[in-house]
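Below are two complexes that have subunit A in common, paired first with subunit B and then with subunit C.
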Partner chain A sequence: MREMEEVKEIKVVSSYREYVKRERKFIFIEFSILTFLFIIIPSISGFYLLWLVTLGIIYSIYTLAWNCMETMLGRTSLGHAIPFGLAGYLSAIVFLYTQNSIFLPVAWIFAGIASALLLFMLSLSKDRIAFVFITFLIGAAIWILSPLLTLTKEGSIYGGEEGFSLPPVQVSTVYGIAALMLLASFLFFGIFRTSLTGLKFKTVRDDEKAAKIVGVKVSRVKAFCSLISAVIAALAGGLYSLHFSHVSPEVFSVHIALFPFIATVFFRNSEIGGIAGSFILVFASNYLNSIFPQLYLLLYAALLILSPLMRRGGLIRLLIRQRSLKREERVKTKEG
Partner chain B sequence: MGAYFAYYTLESNVALGVVAAIITAFFLGAILYLLIKKIGNGIFEATIISLGFAIGLEETLRIIHGKGYYLIVESTITDWEAMQALLLVVLLSSIFAAYSSRIGIRIKFVEDDEFLAKIYGVNYDKYSFLCITLTSSAIALLGFLSSTSQALYPGIGWIPLIAGIIIAAFTALFRSVGFMHYGKIVLLSFAYSSLVALLFG
Partner chain C sequence: MLKLKRISKQFNSLVVLKDVSLSLQKGEAIGLCGPNGSGKSTLLKIISGFEKPTCGKVFLNDRDITKFAVEKRVELGLSFAFQIPRPFAKLSVYENVLSGCLLRYEKEEAMLKAEELLKTFHLESLADRKAENLSQGELKLLELCRSLSTEPDYVLLDEPYAALDKENTRKVRRMLRKMKRMEVGMLITAHRTKILEGFADEVFWIELGRISRVDKGEKL
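So, the complex of A and B:
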């Protein structure tokens, strides 16, 4: 479906170069709008709204990182909570022993590289369904086992169900770092998707065998995508734990693992779609939580059930299709 | 869900609780089957729909009961372990009977290839429906029977689910079919349980 749409789009323009030019124009317009929004938001929003927007930005980075595996490799990972959570856990443990915040980014990158190795090894199997299952399984197993992790320092026990603490950081600081990181990721993925290298990568997504035949080094592509995706997800996870100044086993939860999958069902095929989906989920979850604690998980459940329908055409297309079907029915009944 | 039925009925009416758990699970399985049939296409989408359905049920339980843990400390029924063993024997006997009859080959067709199964005249929808609903009922009954051995909380199903996937994945390595496959599942389940007890017991 997605390939057909891309081919259709390419046919409309006279050449691929023109298509890339048009796509990049959109990316730069979207980038400018995002930059403008991120500059004015701190001055017009109160503390809580800024806190919520920061959370939305962190989740958006996470979704973009996850999306890289799907759009470039055609691998749906249900285990991206591993780099996300591992970065939080590792940085908290490093902070517990060193009491120095300077090592936090090092811990995030280390967690990203370790997770990338795991994702790369799993992606070597040609079975894409098995990849979904195994990533989900490993992520869920870590979620269940993580409360067992306890550390003792100077007679006090840390970890377990409660998790670990991190140094308190001002919301505006986390907001600034997260916004810069999101803008950088947005630009990187947007340009990369429309570049010749990106096109080469997409051949792996469409057909690994065919990609090998035309000379694409499939394993290298897999290694690169796994690394980029896991490291950016780890950076998002590190910022997430810093945002809450705390990390608990919930950071590995199935809900975190499923978040990017659900966030991308609203609008397909673009970076801005992933960001919009993440913000919709964060704000909707916040509203539902105010009605009843954890009510947002029912929304997640409903979206997961409807996701096959939505992913085939995106929410907007699905609504338009339903409306046109209703209109057709109305016309038919009138004619009848 | 089966364990929560036990929580409500163990002291009043066990038989009613068992029957209610089985029937409710059957109907929930039927809803899941309909959702997969109407929305899903292939294993991946069926898995995602099942996951969404499971999270929906879990959150419904959480909304009703809160985040608390419940422990059933007293029950009117003894020999729970013997009943679980009996359930295993009944399940294995049913599978053996199914694979010894003409139904066995039909189930194999349904399991391997939907398209081929339909070409050969197997009622694919009927067997899919029965597989989902009957296994849902069996799992609810197992949840009911094992409710006294662990704390009850909405996410109680995650550990058996993960254990089930691990055991199924390892059994798939043997590439066996039919009743033998289920026999190996039982053996690996015992091995897995012993290993978990050894590591975390």
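So, the complex of A and C:
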């Protein structure tokens, strides 16, 4: 286009390259730690712990999928229980009629694509707050209506409050598939976030109007993000139903819808943060449930109430910030 | 050439623009002056594609772009700088500019171009800083710099001097002069002609949605 001033030293580019390199180094270190943990866990844990860790892994995949919409598109979805639950329901129905588990992944992907279409259409609205509420309302409506779904096969009625059954699968098998899927999603989202394509996505997150001015095709970004997010959430939902060998209206419930939102309250804006948050919630819920049934809901409620305080940088950063503020105050009082 | 042909805009019964026509060549700077609510910003929004005209047409290099989306217009060589800066708040200054350079260049080249732009406009010292931590004046400079990152032939500048102190006004002025030297066509809205002195080739006065007067640059 035009004559630019002659520039000899290239400092800004190299410092940006350094930054990306550093970020990726962290991602690979975290990835290696996760891989190591997932390899040794089956050999050191009993059946129940492995079952619980598998559940943690499945929820972590779900949280990563949700986090993609949040960190790339700036859309807080409370409707990710839709792909999650739909995948479980659809695969169970397919299994009921075919009695063949080979079709299950096809059902999961189909559920993901159908949900992606819904999320994409909702994300076309400029109103980000409306997106939160509408996704939540649609999810809640499906949760309320899902017990009405009953199917008849050879004179027997399936579905309703009881839900549908899926073929029993060994915990170690689900663990293996879920761990592989989590590692793949972790690596994909980590590299994508630090790539230049990821940068284009983040422009949409920060300001859709300004993103258009730098030539970013906002609708295409939204479509891609919705698709990736919903398909991965559906795969997590499929594994969840396989893990329980059963699917009921509970998969669409409010606590499933809120799970990733609450799980990312602890450490924000990182893949490892979402995974750590998911494991904390799964293990804490399990512990609280052993004290009193449904006690975990109190934890959810507390975290939800505190979330506006925590969401900016995550609970951990909030605590660090408060500590440094207190230290500063102490120094000032001493000086005074 | 960027050409507007009898642009009118009406919001319900309120006529905001009526039969506005003008043309802008590459390397030319045209000022749009007028009081608040005269329709200056609406005209820029229509040219950039954020608003659709009630009637009239916008041509870019003899191509009718009236129905084109904003992104398509940007691809064809049009850019826009918002009156109130709209940076990508969570991104660094460098990433803000880099995001625009990616439209025309591949990864490596885009990175170098972004750096060149920052250096041309003396923003390299802010490169690593997040846009949300910039002052109002710095944001304005970033907004202008980013508007050039897509290598436009024409830039629409909505009140580039609004809410700036003397020092930053001087910086923006220097920046606009540089842009003119780079052969970028500029359409600039302003309240007063004084700030357009020295580089505007023509000033169109808009009152109640109509062009009421045109002053040549020498007259300013």
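In this text, the second predicted complex is superposed on the first by the 306 of 336 C-alpha atoms of A that agree within 3 Å, B and C clash if a C-alpha of one lies under 4 Å from a C-alpha of the other, contacts with A are read in each partner's own complex, and residues count from 1 in each chain.
Keep this in mind: contacts are C-beta pairs under 8 Å (C-beta built on N, C-alpha and C of every residue); 3 or more make two chains touch, one makes a residue touch a chain.
Small disclaimer: the values here were computed from a predicted structure and weren't measured.
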Classify the contacts of A:304 with the two partner chains as first (subunit B alone), second (subunit C alone), both, or neither. first
For A:207 in the superposed arrangement: first (subunit B), second (subunit C), both or neither? second
Quick one: is A:254 in contact with subunit B, with subunit C, with both, or with neither? Answer first, second, both or neither. first
In the overlaid three-chain picture, which partner chain does A:216 touch, first (subunit B) or second (subunit C), both, or neither? second
Touch check for A:33: first (subunit B), second (subunit C), both, or neither? neither
Looking at the overlay, what does A:132 touch: subunit B (first), subunit C (second), both, or neither? first
Could you say whether A:144 touches subunit B, subunit C, both of them, or neither, answering first, second, both or neither? first
Intersection of subunit A interface sets (partners subunit B, subunit C): none
Under the stated contact criterion, what part of subunit A meets subunit C in this complex? 1-5, 7, 10-13, 15-17, 19, 196, 199-200, 202-203, 205-207, 209-218
Provide the residue numbers of subunit A that touch subunit B in the complex, in ascending order. 76, 129, 132-134, 137, 140-141, 144, 148, 254-255, 258, 261, 292, 294-295, 297-298, 300-309
In their complex, what parts of subunit C are in touch with subunit A? 48, 50, 69-71, 74-75, 79-80, 82, 86-92, 94-95, 98-100, 102-103, 107, 110-112, 114-120, 124, 127-128, 146-147, 149-151, 153, 182-184
Which part of subunit B faces subunit A closely enough to touch in the complex? 35, 39-41, 43-45, 47-49, 51-53, 55-56, 58-60, 62-63, 158-159, 162, 165-166, 169, 200
